[in-house]
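Let me give you the structure first, and then I'll get to my questions.
By letter and in written order, the chains are A, B, C and D; residue numbering begins at 1 in each of them.
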């Protein structure tokens, strides 16, 4: 009963002859707060795509709570509790914030098949949606179409949809990308408040967020895992510094450390 | 055996020449659709206008047919510049549905205007008499017109190939078809490019309308009558892929001709069944599924 | 709670307000105002129903099809053939016409609805054309070009006879229209209706929140086909005749034009547009028969360019201007 | 209870209709005629011709017939839509109070209307619709034009008379085409000919080369055809000429080279025969008068087509129906008046067969020739008083 939440073994993906994911192994115990970092083009988003099922792997296996989900469709993976957010917002632009979250809740609870009965009559779901909006500070915008609110706040909606799907494993693909710095704390706060029963894999550039969040981390470069473990150990690794971080990375790293 | 050989040469010559006419009236749309992702159901209207204009020039102004074709093609290209700036520009960013509706509207207006100006009948052919003659080819008499159409088609293919590979315009076009925003970032004036490409596409349609008369007679309902066949080529060849557009056009011509030749009674079905099967076969991982 | 119901699902804005009651009084009033035009009025109702069925999939699920007449035609032919085979009970015959169309949708939907955009339009167009050609070819069954004529049906509930004065056909059609309208109205206001709107907005994301996108689409497509089939069946019963035109591409395109004329995005769009189109068409043929196409073409261009949502959109704009209110689109 | 209620309802409805009918009857003895035509859409040319014919007839003979005045009420179908035709017929009878219907370009329109006129006893004149079984659908129908079997029979007779033995039939794949195929086949075989092959050409055909090739391969000495006027016919004849069939075989159609359509053709059409009930070159006084009035009203270049002539004859029949009326319109008297009626029309002597209500008239074989540099339908043979054969 204590098998890990997510296990990835020898995962490979080639486009043409070009390998974007090479033999990646990853293991997230339940309740993990794991960060995945790497330079641009390291294959981070591809890896999230592979795990979430949006992209089919060439070889390797993925297990979710001990069950092999390698060939399971993306939609089914969501039903089994494996949920992701998108680096670039993928929302329902003409629907209101409330409706965006409602859709996800309704789908998670299986009420989206209901053809009889009005949306406004679905009290339990409405309650759940309101709780999520409240937690993300979106209540004021609830009635506005998503396309009309600020991009940073749309990121929160993106997160809200993921939470509404009642995830057991949550893949956050750069949740802070494009969020104005004043609103970043709100986002971090929201992530912090997620229950320990949710296992989280975070992909992030911002070392500040990574430092604050991660208990373990993995570094990806050119589709390969080059280091994995506790943050201070990984960051201290000379290999990571020399092979991956480079000069500017050093600075970011250092500044991140300073804050931590 | 003789029957088989003569059937096959027939299908080769007539299927290919029919395919070439289809290619001529469709290729413009393949280009503009690839570039602008606009579902332009009024493309056939440009072909009709080109054809009517050419015919009117020959019959009323006694212009030489070949000269009239050139004049009609250029005039429609110029006309389309205005239409692009005035109307199409505004629907590039609109939904597919809006594009469908606006362009159906333009086609309706064209049909009504043609009916008003030229009457409801088929306008008489103004193809020069020399094209009605025959020459011997592959052991049979072939109408000059068929060869003329094939020649024009090939000339267009070569010209387009040259434009795309040797000119700045073509380079920009290729870049923009691949990725419009990237092209814009690279300093290409995409807006101007769109206008020129639209003029090119419409001009080619007009050329097809004028030259294709022998197989597609001109009548007010022309823009709708041949729309299905144009759209078939566009849908099957993918966005902006000229090589496959040529191949598909000829395939459609050959399949249709062969179908009607061997199974005349079921000829009406063959082309539709071909389209349905082809498109359904593309469902997984097809470039056609890509949403713009 | 004082929250507007549309807050939960924009489609719930279609509530029974005064306007809506007035709208439904129109067909009743028409019965008394134009007692001698009932067969025409029935035709108006049938087209409104057909346009509404298209509106259900187009406005709410984003399915753009150019072959919806296939369902209208199938419903019409099935009902007609039932009558000729001796089965003339009207209500079940209508229902069976709709059911036949629904079955067709259920069969082709799972493949078809995985396509979008131009390929979807082309395949639906081609399927419509195949149905038309097939009906033309199967002359022994469909009467081909000559159609199936002199269809007879028993009195509705054994009481109301069908006659050329058309009272029975009118109220019978109106009853079906109203019932199917209520069905559509509650459908779009349901969680399922909202899920459809989600698919219309972003099908990829709907898939990734675990929604059975194709399944949802097939379901609504089937329901829409059922309604279109009923419209076709009603046309067979009201006119006592079915010809090839019930399967024509023109009919599919006209339905689209009607819907846009009324307004996309509102369940009343098809009803208003369908009725308006047929009535205007009839008036136009009296005074300026040749330029109808020009008028409709110009209308389509203007609607798209001005970004107006059909007649409903224009009426909404006017009412908000008159009442001095601005819509809640402040920045 | 239910039966009585039903009776009441029907009685009420009939009372309404009766009241309406008498209302319109009161209006100074006017008989209203409903005209259901193709005024817009793909067959708009036929609608235009229908209206021209009515205008021409009224210009020649006025609006009075006997003691009554005739008023025309127009309704447009705008395409192939029989159900709409039926709805319009009901509207015309119930709302506009018309006593007679005419128009009917496409046969299915007439077929759809049959139950309505049976119920309301409305005499209806088929101005163009030519499908053979139509008149059996209602005793209130009378044909002003042809039954498609008539020209098809003459196609076969003319071919046989010219010693042709091997026929290829190429007709459009729709009901009228099938009718022509049936009648031609029967008659040509009776006359000792052989049908080498028969093709039903799909209506959506664009390039007809495949059919021309099939025909050329079969080496027939006569090709009998029937295709819709306009693009299909033009495409088909061009393809035949391109393949050389025009030179090696007699080609005989029906209405494809009608005078108004002739300018759409080029010289490829020269030599093609057609078999139909009118020829523009007829010199009888009625035709001369018709040509004159048409030229006055619609310009000197106006070409009279068969779809002008049969609607014109239809109006003649309607005037005959009205002529015998005394007071309230009597449909039975109207029908009796036209059964067996004979007169001289622009297209020659006409008679309505009293039993079948079909037209007994001349069928002309015409050939397209170049006369004074202009394509012209030249009359080559007249088959007199052709009735409808039993097939």
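By definition in this document, a contact is a pair of C-beta atoms (placed from the backbone, for glycine too) under 8 Å apart; a residue touches a chain by one contact, two chains touch by 3 or more.
These figures come from a predicted structure and were not determined experimentally.
J.: Would you say B-D or C-D is joined by more C-beta pairs in contact?
T.: C-D
J.: Compare the CA centroid of chain B with every other chain's and tell me the farthest one.
T.: It is A whose centre lies farthest from that of chain B.
J.: When the mean CA coordinate of each chain is compared with the mean CA coordinate of the whole protein, which chain is closest?
T.: The most central chain here turns out to be C.
J.: Using mean CA coordinates as chain centres, what's the gap between chain A and chain D in Å?
T.: Chain centroid spacing, chain A to chain D, equals 74 Å.
J.: Report the inter-centroid distance (CA atoms only) between chain B and chain D in whole Å.
T.: 38
J.: Using the average of all C-alpha atoms in each chain as its centre, how far is it in Å between chain B and chain C?
T.: Roughly 33 Å separates the two chain centres.
J.: Provide the list of chain B residues touching at least two other chains, using ranges where the numbers run on.
T.: 115, 265, 268
J.: In chain C, what residues contact two or more other chains?
T.: Residues 129, 133, 136-137, 290, 293 of chain C touch two or more partner chains.
J.: Dump the list of chain pairs that touch, please.
T.: A-C, B-C, B-D, C-D
J.: Spell out the part of chain B that touches chain C in their complex, as residue ranges.
T.: 33, 39, 87, 90-91, 94, 96-98, 100-102, 104-113, 115-116, 228, 231-232, 234-235, 265, 268-269, 272-273, 275-276, 279-280, 282-283, 286, 288-289, 291-292
J.: With touch defined as at the start, can you tell me which chain D residues reach chain C in the complex?
T.: Listed in rising order, the residues are 2, 5-6, 9-10, 13, 16-17, 20, 39-40, 44, 47, 74-76, 78-84, 86-88, 90-91, 93-95, 107-108, 111-112, 114-116, 119-120, 131, 137, 173-176, 178, 202-204.
J.: For a test of understanding, state which residues of chain A touch chain C in their complex under the given definition.
T.: So the residues of chain A in touch with chain C come to 52, 54, 74-76, 78-79, 84, 86, 90-96, 98-99, 102-104, 106-108, 111-120, 122, 125-126, 142-143, 148, 161, 165.
J.: Please give the residue numbers of chain C that touch chain A in the complex, ascending.
T.: Interface residues on chain C, with respect to chain A: 5, 7-10, 12, 186-187, 189-195, 197-198, 201-202, 204-213, 216, 219, 328-329, 331.
J.: Give the list of chain B residues in touch with chain D in this complex.
T.: Its residues touching chain D are 3, 6, 10, 14, 18, 21, 115, 120-125, 127, 129, 132, 134, 141, 143, 145, 214-217, 219, 221, 225-226, 229, 253, 256-261, 264-265, 267-268.
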